[in-house]
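We just call them A, B, C, D, E, F, G, H, I, J, K and L in the order they show up, numbering each chain from 1.
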Amino acid sequence: MTVVKSTLPEPARRVAGDALQSTLVDLLGISLIGKQAHWNIVGPRFRSIHLQLDEVVSVARSYADTVAERSAALGVPPDGRPETIAAAYTLPGSKEGWVRDGEVVQLIADTLETAIGRLRERVDATAEPDPMTQDLLIGITRELEKQRWMFDAENWPRGE
Amino acid sequence: MTVVKSTLPEPARRVAGDALQSTLVDLLGISLIGKQAHWNIVGPRFRSIHLQLDEVVSVARSYADTVAERSAALGVPPDGRPETIAAAYTLPGSKEGWVRDGEVVQLIADTLETAIGRLRERVDATAEPDPMTQDLLIGITRELEKQRWMFDAENWPRGE
Amino acid sequence: MTVVKSTLPEPARRVAGDALQSTLVDLLGISLIGKQAHWNIVGPRFRSIHLQLDEVVSVARSYADTVAERSAALGVPPDGRPETIAAAYTLPGSKEGWVRDGEVVQLIADTLETAIGRLRERVDATAEPDPMTQDLLIGITRELEKQRWMFDAENWPRGE
Amino acid sequence: MTVVKSTLPEPARRVAGDALQSTLVDLLGISLIGKQAHWNIVGPRFRSIHLQLDEVVSVARSYADTVAERSAALGVPPDGRPETIAAAYTLPGSKEGWVRDGEVVQLIADTLETAIGRLRERVDATAEPDPMTQDLLIGITRELEKQRWMFDAENWPRGE
Amino acid sequence: MTVVKSTLPEPARRVAGDALQSTLVDLLGISLIGKQAHWNIVGPRFRSIHLQLDEVVSVARSYADTVAERSAALGVPPDGRPETIAAAYTLPGSKEGWVRDGEVVQLIADTLETAIGRLRERVDATAEPDPMTQDLLIGITRELEKQRWMFDAENWPRGE
Amino acid sequence: MTVVKSTLPEPARRVAGDALQSTLVDLLGISLIGKQAHWNIVGPRFRSIHLQLDEVVSVARSYADTVAERSAALGVPPDGRPETIAAAYTLPGSKEGWVRDGEVVQLIADTLETAIGRLRERVDATAEPDPMTQDLLIGITRELEKQRWMFDAENWPRGE
Amino acid sequence: MTVVKSTLPEPARRVAGDALQSTLVDLLGISLIGKQAHWNIVGPRFRSIHLQLDEVVSVARSYADTVAERSAALGVPPDGRPETIAAAYTLPGSKEGWVRDGEVVQLIADTLETAIGRLRERVDATAEPDPMTQDLLIGITRELEKQRWMFDAENWPRGE
Amino acid sequence: MTVVKSTLPEPARRVAGDALQSTLVDLLGISLIGKQAHWNIVGPRFRSIHLQLDEVVSVARSYADTVAERSAALGVPPDGRPETIAAAYTLPGSKEGWVRDGEVVQLIADTLETAIGRLRERVDATAEPDPMTQDLLIGITRELEKQRWMFDAENWPRGE
Amino acid sequence: MTVVKSTLPEPARRVAGDALQSTLVDLLGISLIGKQAHWNIVGPRFRSIHLQLDEVVSVARSYADTVAERSAALGVPPDGRPETIAAAYTLPGSKEGWVRDGEVVQLIADTLETAIGRLRERVDATAEPDPMTQDLLIGITRELEKQRWMFDAENWPRGE
Amino acid sequence: MTVVKSTLPEPARRVAGDALQSTLVDLLGISLIGKQAHWNIVGPRFRSIHLQLDEVVSVARSYADTVAERSAALGVPPDGRPETIAAAYTLPGSKEGWVRDGEVVQLIADTLETAIGRLRERVDATAEPDPMTQDLLIGITRELEKQRWMFDAENWPRGE
Amino acid sequence: MTVVKSTLPEPARRVAGDALQSTLVDLLGISLIGKQAHWNIVGPRFRSIHLQLDEVVSVARSYADTVAERSAALGVPPDGRPETIAAAYTLPGSKEGWVRDGEVVQLIADTLETAIGRLRERVDATAEPDPMTQDLLIGITRELEKQRWMFDAENWPRGE
Amino acid sequence: MTVVKSTLPEPARRVAGDALQSTLVDLLGISLIGKQAHWNIVGPRFRSIHLQLDEVVSVARSYADTVAERSAALGVPPDGRPETIAAAYTLPGSKEGWVRDGEVVQLIADTLETAIGRLRERVDATAEPDPMTQDLLIGITRELEKQRWMFDAENWPRGE
């Protein structure tokens, strides 16, 4: 017996469910990486980027919750357990220990850029099967693109 | 050259740093497990426990931040990366998929109880080397004990 | 002479106007049915569902206002008069008098499921003639799907 | 077996219950009529009255909730379903489509005036059987009289 | 010499003063009993009723303050000392130790029902001597009747 | 032609209108007298009473507005012009210039006591013709009695 | 013996005190006239001007308090008693009873214009003796000129 | 070397960038025109439309910021300099000096109507190259259509 | 079977439980005594101390809740029933009827001083068995010492 | 016929009107330039200055509104249309495209410095004809001087 | 090379800078003296004056910040270091240890009176060289005169 | 005769009093030094550190108040007068005039480090005599260590 019924037919449910599960892992990973950098950053831009990272974390946490609840609403139980994140997370990660401010900026810009590329594929994939899920992914993509721009603008001239 | 200087002598710094790092992993793990249950719970007590879990998550996230920043303040870079949590987390975890409400209550009560036992050891261990860290752990322990009581009271009569 | 001018050509205006008028009736009906259940529910889950119903009502009222004003903005006068709702409302209704909590959960889950099915048709129908209206209906559908999930999760195991 | 017990003896309960049920229908009707006018009004006073109508709707919705819960508190299940409102509502209604601002002002003033006359009778009828209900109806009457005055003052000189 | 002058003639002052003093004891007793249950409740409905009890306590405390200050305003010093409450409180009390959720619901419903019966007598008694005091007691009665209904609706089917 | 229609028959309208007009003058007078004392008080209790007077003024202004709008709602134009207040105000007034704190306390206690006596007569007079107006006057009387008590309690032992 | 000492020498104190006392009477008068119009206005612009008048009243009350406290701060006891306002107020007043909206707009524009003319004289008079008082009067003048403009703009074309 | 990297391939970037730049100019122009009317409006509807215009300005400013930051996020530097607006703005403008209220309503309704027509073209143009930009433009169009309706409804009967 | 499990071994649980239960009675007693004085105080310092007492009551109520929940969290059901407070409260109480302001200040200073002495003993007693409970009692002691100082400073010179 | 009457005689009105119109253009220009820099800034100080620029824009917009309404209040219609700003703005402007952070700081410091020089001339010019306008310009000058200092302090050592 | 450029020519800069530096020392001294009294006051008026002193401290701290930033804005580095305050502060100071309430009132009244005398001289001195600085000092003087009046009024009859 | 009674025996009172007095001087000194740097900082990190310094000042002021009131609560009059701070302050101070951003960061990190070393000694010293004071000092130490870390992390690589 189905636990939570879906409002989507089966193949559509699977496509949307996969897109949401991958996005959930990306967002939870970003939220953990962002906090890691928030705590371990050093350098003259410490305070400015320390605060900026908390905005990224806040965005990532809030969307992770929305994405997971969207998955549940489609009858697909989301999976955000520590072992799942560790196994499935494929975006750039963080090294151990203190990190210089410039490195942090570069790391977050790269992480967001990769995440955006993957999101754009999911936006395409979900257009047909579930426009409601697509619309949610569109909003997430636009917000991450805004965050990425700010780290990229701050990262200029690169290598400085 | 030391990156962030410590206000503690070396052995004390190591004891406090270890206690904080273990606590950080426990709290981040609880925050992920709590969200997992928040999303996957089913059963007639869905709404009540769904909301209660968000309070646990909020407590765990907030204290994780304080604990990690305390570690940094002692010159010990905290580690809250996905792979670290997955490797170091030893409290009861969550199974995959939908979980019945009664099971969720039992799981969280058990998880918190184990976390509290470990915290009480760290409270003892840090008393001498760093009363500032001990005092923080005391506050965390008391809050988790309060959360545990509420799930335990809700779990009665057990097996129902 | 036209009273309020439309920014849409005629056939598009008719399609969008019809989709909005039907949605308006559904949402006003849900807001009245939701309040009826809010007042007449009895049983051990009284308080939890009593509060949850007010969230459904609040969502329905707020979207009804947005939908009606969207209709007006397209030059189509919306109709939310008592006699219109009574005549046009075709979602599952409520019986008279006190209703047991489990029955309420079932009723709202069913009502929302039917409403969602009808909304998904309108999302398809408005894609071409008016993407602005479609986007609004997408948002409403996603929100109602979230509400439905929570009642469905609470309704498990069914028949209990 | 009684579902919700009453704190009133039977005849008193019936009188108070009837007064509350009729008031509920009037208030729900006014809230729907008020929104209808809020959406369909046209003319140079559009914005001013558009906003004023939302205050009437807000008053009517809030009192409808209080009245229905008062009824439940007396052990009388309130009835606010679409079909009940459509059948029982006898105050002046609204025509279909756009309505000129002056007509709206006249309509609301008339509707409130009729509602007030009916409320004053219920204030008299409930004085003896249930002063708690009477006191509630007194408050509603005074508030509707205030709203009516503002539409009447705005309606002068009549026929303009 | 009179300490605080009264705006009421003597016999009226005595009647109103007695009604207020008895109400004060009832409300302070309810606030203590409500907190006792808030702390000692166990069972699957723990969280829902735990929160609901705080609303009862908040209502009781707030009205106790208003009632005591009304008494003082009439020149009658109110008495809310521990020994006075213990001696004068005659509503149903609470047993010692943990209490199952269903029992709590029954206890509060019974306590409020008894309190309401006594308040209705005081509403009658004060009508003539002091309508200002009567009006205050009417408001308290209506609020307690609302609270009682919610516990009664939650208590159904009784004996479950 | 009537400007603002009344919901009351003529004799009732006259009784209620007179009660409201007299109350309006009393309240506006109290608000002016209260501010006068707020500005001109001297003595060791300056700050405490300076603040207390602003609460009296705030109460008086707020009720004056409600009373005047109630009068308008009954079709009786209220009169709060300077010359009307000066001519019709018969409560104790204030002398010119600085006033010692003890004198201020005595003055406000006396002014409120006289106002309350007059209000109690109007409560009786309006019971029959307009319970909606009576209920408003009951609320005002109770609030002024509370304010009076606080000044009277502060005025003890008198003559100090 | 001086009650409240002045920080100004005698002639300066007299000039500033007179300017403040006249301003106090003007502002208290405007606040009463404004409320009178707020209550008695009729006509199609009722709501818009009813609300605008409350802003004028709020401005006038707030500045009256500041002006009176400035006077006290200079050792000059301010006089805002009803009889003083009635005797000293010389700005355009209000007629009795209901007033048509256009007439209200004209009246307030005229009253403010006259008040502004008198304030500009006091701005000149206080420049030398007390720049602190002058600066306060400058702020009041600018605010009243803003209020006047809005009524004047609303009054166009005059005679409509 | 690219300053801010784009997440879009080149041709898509150009289409989206053009659509955003034109929208930016329209919105900045509307915000300036709206303020101009806010300051220069005269006539009996002054206050009502004066306030309504500030809502249009607030909407236009807020969306202008979002649009410009979206452009930057795509690696296209936005241009909102005074000379650019003056050169590129092609919506209906405002004449110099005072403007009668009816003319203002007409002007804003016309300006918004033209802006909406241009936005609908950009919604079509961006669908393929960048759904994230399209979704933003859809939201802006819907909001401007709502604003336009309110001015159009207020503009009826036209020519009055 | 244990109802609520404890995270403390038995002897520690008993010591902590006793300390918390005694503190609970003291705090509930202080909250009732404080309100009693808040209502019955007379004298020239009425307002100042009337307000100060509400801060003491607020502190006592808030800590009583925390203490009782701490007890429950340790598996010890707290007891705050009227009869328990009356029987176990041993701090200085209040006499009946009106109390002069100076007497109130003396009474509260004495009550707090006695409570603090008893709390200091419990701080010592709980240090070993449960540092989490000790830390809570330390916080309560410090807050009550602050409150006591303010009444003591106000009580000087004593006997005045 | 004059549309909005002035409270100033003609020559004074012209001087004040000119000063206000020039200030309006400067402030609107600064608000557009500030936003342009807010969007196009790149470099390691991106976030810090991005936020600081929004404070400058907020100050400029708020004062522009006050200045324009002051002009209207003097009977001089303000002109803030795009073409007027483009034609009359003479402060340093912004180049096209991305701008390095250090350049932005220099540009804003220079722009504000020039604006302040022009404002100081207007402060002198308006002293005699209209002290109310002068006082407003004094406040604007002081605020812009504060903003300029912060950019200048940030610009040190120059050329870095 | 100048660090922070000035918008004032040299002699004006020196006069304004001196006036601001002296005012800074006075305000910081008052803030420290006010806190000292806030902590050490004893006597029956403890609470009332304890609170009043915090308002003085808050005013002094806030203006000190404004004054120091004004100085920096003129290119004059402000000096608020402990040794500078101790050396340059010449207003009446505070004795060591507990201070009786009446003495505190006298001390603050005297301190403010002296500060005001000095400020009035600086208001004169800065009129010509920098009206922006003068306007700030005018505002500070008026606020301190208001604070002084309240202590002076509270100090009456002197010697009591 | 003792003015404010102590709840501590004499030797304990002296130890705690000394620890609190030294801490008070350190915190007041830090608050003045912090503001001095807040005003005089120059360099490219101006805004970021300017804001961060206000957080340090806010922390220092708030704890200074708590520490001084704790001292008073123990019967030891605190001393925070300008001359006392100047004489007793021994932490690193600030030089005169403008200070480069990097120097400010170094200065605050050093000042906090020294303050923390002294606080840790007082934490040890007060453990026995007064755990309530110790607990307060523990909280202050932890907060200052957090502040120090942020300046130290910002100070890396040192000498840059």
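Basically, a contact is a pair of C-beta atoms (placed from the backbone, for glycine too) under 8 Å apart; a residue touches a chain by one contact, two chains touch by 3 or more.
Computed from a predicted model, the values in this text were never measured in an experiment.
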Interface with more contacting C-beta pairs, comparing G-H to C-H: C-H
Chain B on chain F, rotation in degrees - Cα superposition, rounded to nearest 5: 180
Where chain I and chain L are represented by their mean Cα positions, the distance between them in whole Å: 32
Chain centre separation in whole Å, for chain G relative to chain B (CA means): 62
For chain A, residues that touch 2 or more chains besides their own: 3-4, 42, 45, 48, 69, 72, 135, 153, 156-157
Every chain pair meeting the contact rule: A-B, A-C, A-H, A-J, A-L, B-C, B-E, B-I, B-L, C-D, C-E, C-H, D-E, D-F, D-G, D-H, E-F, E-I, F-G, F-I, F-K, G-H, G-J, G-K, H-J, I-K, I-L, J-K, J-L, K-L
Chain I - residues contacting chain L, complex: 113, 116-117, 120, 123, 127, 134-135, 138-139, 141-142, 145-146, 148-149, 152-153, 156-158
Chain C residues touching chain H - in the complex, by the definition given at the top: 1, 3-5, 7, 69-70, 72-74, 131-132, 135-136
Chain E residues touching chain I - in the complex, by the definition given at the top: 3-4, 28-29, 32-33, 35-36, 39-40, 42, 64-65, 68-69, 71-72, 77-83, 85-87, 89, 93-94, 96-98
Residues on chain K engaged by chain F in the complex (per definition of touch): 45, 48-49, 51-52, 102, 150, 153-154, 156-157, 160
Complex contact set, residues of chain A against chain L: 41-48, 50
